[in-house]
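Okay, here's the structure, questions in a sec.
Chain nomenclature is as follows: A, B, C and D, assigned in order of appearance, with residue numbering initiated at 1 for each chain independently.
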Amino acid sequence: MNYTKILKEIKEEVEPLFKKGKVADYIPALKRVNPSHFAMSLQLFDGTTYDIGDTNTKFSIQSISKIFTYTMAISLKEKELYKHVGHEPSGNPFNSLVQLEYENGIPRNPFINAGAIVITDILASKYKDKTFDKILDFIRRVSNNKKIDFDKEVDDSEAEFGFRNIALVNMMKSFKNIANKTDDVMDIYFKQCSISMNTKELSKSALYLANHGVDPITKERFLSESQAKRLNSLMLTCGHYDASGDFAYRVGLPGKSGVGGGIVAIVPELMSICVWSPGLNSKGNSLVGTKALELFTTKTGLSIF
Amino acid sequence: MNYTKILKEIKEEVEPLFKKGKVADYIPALKRVNPSHFAMSLQLFDGTTYDIGDTNTKFSIQSISKIFTYTMAISLKEKELYKHVGHEPSGNPFNSLVQLEYENGIPRNPFINAGAIVITDILASKYKDKTFDKILDFIRRVSNNKKIDFDKEVDDSEAEFGFRNIALVNMMKSFKNIANKTDDVMDIYFKQCSISMNTKELSKSALYLANHGVDPITKERFLSESQAKRLNSLMLTCGHYDASGDFAYRVGLPGKSGVGGGIVAIVPELMSICVWSPGLNSKGNSLVGTKALELFTTKTGLSIF
Amino acid sequence: MNYTKILKEIKEEVEPLFKKGKVADYIPALKRVNPSHFAMSLQLFDGTTYDIGDTNTKFSIQSISKIFTYTMAISLKEKELYKHVGHEPSGNPFNSLVQLEYENGIPRNPFINAGAIVITDILASKYKDKTFDKILDFIRRVSNNKKIDFDKEVDDSEAEFGFRNIALVNMMKSFKNIANKTDDVMDIYFKQCSISMNTKELSKSALYLANHGVDPITKERFLSESQAKRLNSLMLTCGHYDASGDFAYRVGLPGKSGVGGGIVAIVPELMSICVWSPGLNSKGNSLVGTKALELFTTKTGLSIF
Amino acid sequence: MNYTKILKEIKEEVEPLFKKGKVADYIPALKRVNPSHFAMSLQLFDGTTYDIGDTNTKFSIQSISKIFTYTMAISLKEKELYKHVGHEPSGNPFNSLVQLEYENGIPRNPFINAGAIVITDILASKYKDKTFDKILDFIRRVSNNKKIDFDKEVDDSEAEFGFRNIALVNMMKSFKNIANKTDDVMDIYFKQCSISMNTKELSKSALYLANHGVDPITKERFLSESQAKRLNSLMLTCGHYDASGDFAYRVGLPGKSGVGGGIVAIVPELMSICVWSPGLNSKGNSLVGTKALELFTTKTGLSIF
């Protein structure tokens, strides 16, 4: 398939939409990103890559970090995870407290904020004050890139304005579903959200999910085949908050978005994809990024359905 | 693949679970079904079938009828459907009124009861007093079987005890999301739920969904390729009520269950499957049926992820 | 106190507000009432009355009927009532299904629609097909007026458009909190809501609540002293739907409103009051009526607090 | 009336219930209070008092502090308060986040935790780092007792385990309904909850509410007549969390309870009452205290209804 041509067509078709999204404004550090950025990278198993747009520009990966911390947590204690976090779509916005209260502090899935905070807490119980280093280290391994780091300014901003996330962790603590000090857990969580990467690096990082848990280039195994299958199903049903059904309906690929405007998706047994454009739709997912992926599966027929 | 052997293994492995499920008891006609029934049928594109268990015993298809009425509605007025029903997982039980009220009478998706009732209402606006005949006719066509019919006793039972469904339709009527008389819509809806089929007939009926909308045997087209893809994504994200995420996580195939104990699933571009066992789990899906499909994808590796 | 002068002042002060309310429009029969109507009647224990405005014009008493049916139900089976209906404010609109579902079909209190429907069902279990006659008879006794009747046109309209109330009764039936056929219960309920009275008749009818359960004029006892006290506390905490707190805060008297624009209130040990003006505020209570009662307690100091 | 005799009768009648309540166990400092304590104090306008039981034993006033901080806030900026906190019963437990989220961070009333935290924030905007001193000072004035102080151990315990309150304040901060730093607001809030008083002191402190805002003994005015009336109506409709309707129904007096087991109530124009017994009912109010007040109004007829 002529991916170069397809990426070019996609870029042309989404350009008129650049101004329709709204950049995340809950923290100052994200608010001033230029909404006209666009980048898309494909990463194949043999190392071939296809890129278009601002693929060298770093952005805040935000909730995309959740797939990496969840991968780490599965390896640590798969059998126990279900006691702390479910695997059902939430039917609510990513930061909702409502359902969490009705369900006694057990988040619906690891890809809404509450669920990802629980996962961070589980890592913190194991790695103590080395937890963030371990997370960063893991992302450097899956991306095969030792230079990945977090953005201090974004981290400070999250810590200063993340009131709703602080509400979530305290509510779960009141239900005894958080083992560590809430401040410590949030320090790590805000840092993992503020890791900066570009679409090249992120598409590379998700390749193991397309290949049954093994990086096809380095041959390193990060998940068992069955674990990888399950993580992919979670991305499909829960990867885009309250628009997960719509993403599955329109795109038809497992994926995970972040409020920084990035989306990672995988085509099982073929490739991983990362698209970035900072303007968000009303559900908090990249408006242009979602459209670009919809065009991609329409043009290539590469849906899982 | 030796499907005969695989089906035999599955049957042996699920037998100890027969008594763990609970037969639907909200209507007398379903309550007295023997919970030890088990049947599983595979239907391939070339007409080959594999069957095990009580595959000639008919059961009430219940909510599995929703995939057929939704197929009919897409053909009728695809562009307008989104105004009446969404395509997001609901995060709530199949018959919940809570979310419906918060979301102004627009059901989350066509596979929860409220959504399916809206779809029936849309068909009723078109086909008037011929609506149920049209539905039955359609199911006879997809199953290529003119003898399919509904069970009068189940229908009477639904009409007598379906208070919650009557609540749903009246609530939607109050939000002006039902065009016809509520009694007329419910007459049709209760009838479509009480259609009786066996696993052979049902697996045959869903084959077009595995083959991009076209019955591979009769070559009749029921949906466009894109429509079929989207219906499959809806089955994956919303096909098992509040356990849809769990089904995707454990089984990894698009599917739709009914409280009669049946589940239909498809392996894209390969086959359709129907399993039946009347004991339900706490979420209203066949307990043994779900387990059988989980074993099937584990043994065959035929997950979409 | 010079009540004649006070009523005159109140009328003058509320006149500028006549156009601010919105007449109930959920049924045609209520929609066309002139919003500029205003009437207010005071009824003292010795038979003295004070009236101003359209005190001879009949209007639909709607939810004010709930105090009479609840009075009848208390007399019938006080000890059992708590199993069917609570006595807490609901914190939700008068016709909400949300809370009802979370609380398993037991309405919060007898003054929201669901609660009043349960009360009607309890009366229907006792009086069978004589139930509405018994209700009408009771209201004729408390008003000492044999000519009170219901408005057939309003009743027909309620039956035709009362979808949400039909949803409520069916939901409660699904929780087994309705003993009779839902259609039969709703027939009675819609009739009781469509009873027509004027402010003179209604103020007279509530006098027993101001006098410890005994009509001070006819000396007939309708409730024990303790029962009357409790019904008054229910009017204070739950009498105005989701604006009950606001009514208590601004007016400070036990009262009950209806969407026909009437409000009945009592000053314990002194008098009963009825005010009517059909324009409603956003919570479904008479806008001008609420203001008139607020002015009344401000001018007279007759609050219970 | 022979109050001495009535108090004695009440004590005898409630004694069998001492073991039925459950002492608050969310913080260690409250958990070890002996559940068999009982004290009741009446305070009349002429200075006469009637006491029975452990009326010299101090306990944690907890949410009873909310009536004093709300009194202070009304004096500061009455006209603006409604923008920050409503005056409707909540229909939910005292620390629920659900309703708060649906209503955009504006608490239902000042007597649920969220509402009281907002009130503390309003005081903090005015009094800065002197806020708690001002609160303590105010309570010393209404109780006419300079020795009132807070319990450091309870305060530490609240700060350590008050996760749900920290969740509430952060959620409201995310809706911009908290002006100060959340940690600062909670420091003050936890301190005000940990103030220790006995029933003599507390009954004295609430006397101004029974007397139109003026302490009848010192003649000091704390609220205008209209403000006092409104605060009393709030106590009646919202003073006992999700059991406010039940308290009004059974007791019929404006009152406010705390999880320390205290309840303050007033009989307008006659007296203030404080009862204390640490065992709580399922709604978080003193089980024995509620019963004692019910017996009091039954025996004396002193209900406002």
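Note that contacts are C-beta pairs under 8 Å (C-beta built on N, C-alpha and C of every residue); 3 or more make two chains touch, one makes a residue touch a chain.
Predicted model, so just to flag it, every value in this text is computed and none were measured.
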Homomeric contact chain A-chain D: same or different residue positions, threshold half: same
Averaged-CA centre spacing for the pair chain D and chain A, given as whole angstrom: 46
Separation of mean Cα positions, chain D and chain B [Å, integer]: 55
Contacts with two or more other chains, residues of chain D listed in rising order: none
Pairs of chains satisfying the touch condition: A-B, A-D, B-C, C-D
In the complex, chain C residues that touch chain B: 96-98, 101-102, 163-164, 166-168, 170-171, 173-174, 182
Residues of chain C touching chain D in the complex: 86-92, 99, 108-109, 226, 228-230, 232-234, 236-238, 242-246, 248-250, 252, 254, 268, 298, 303-305
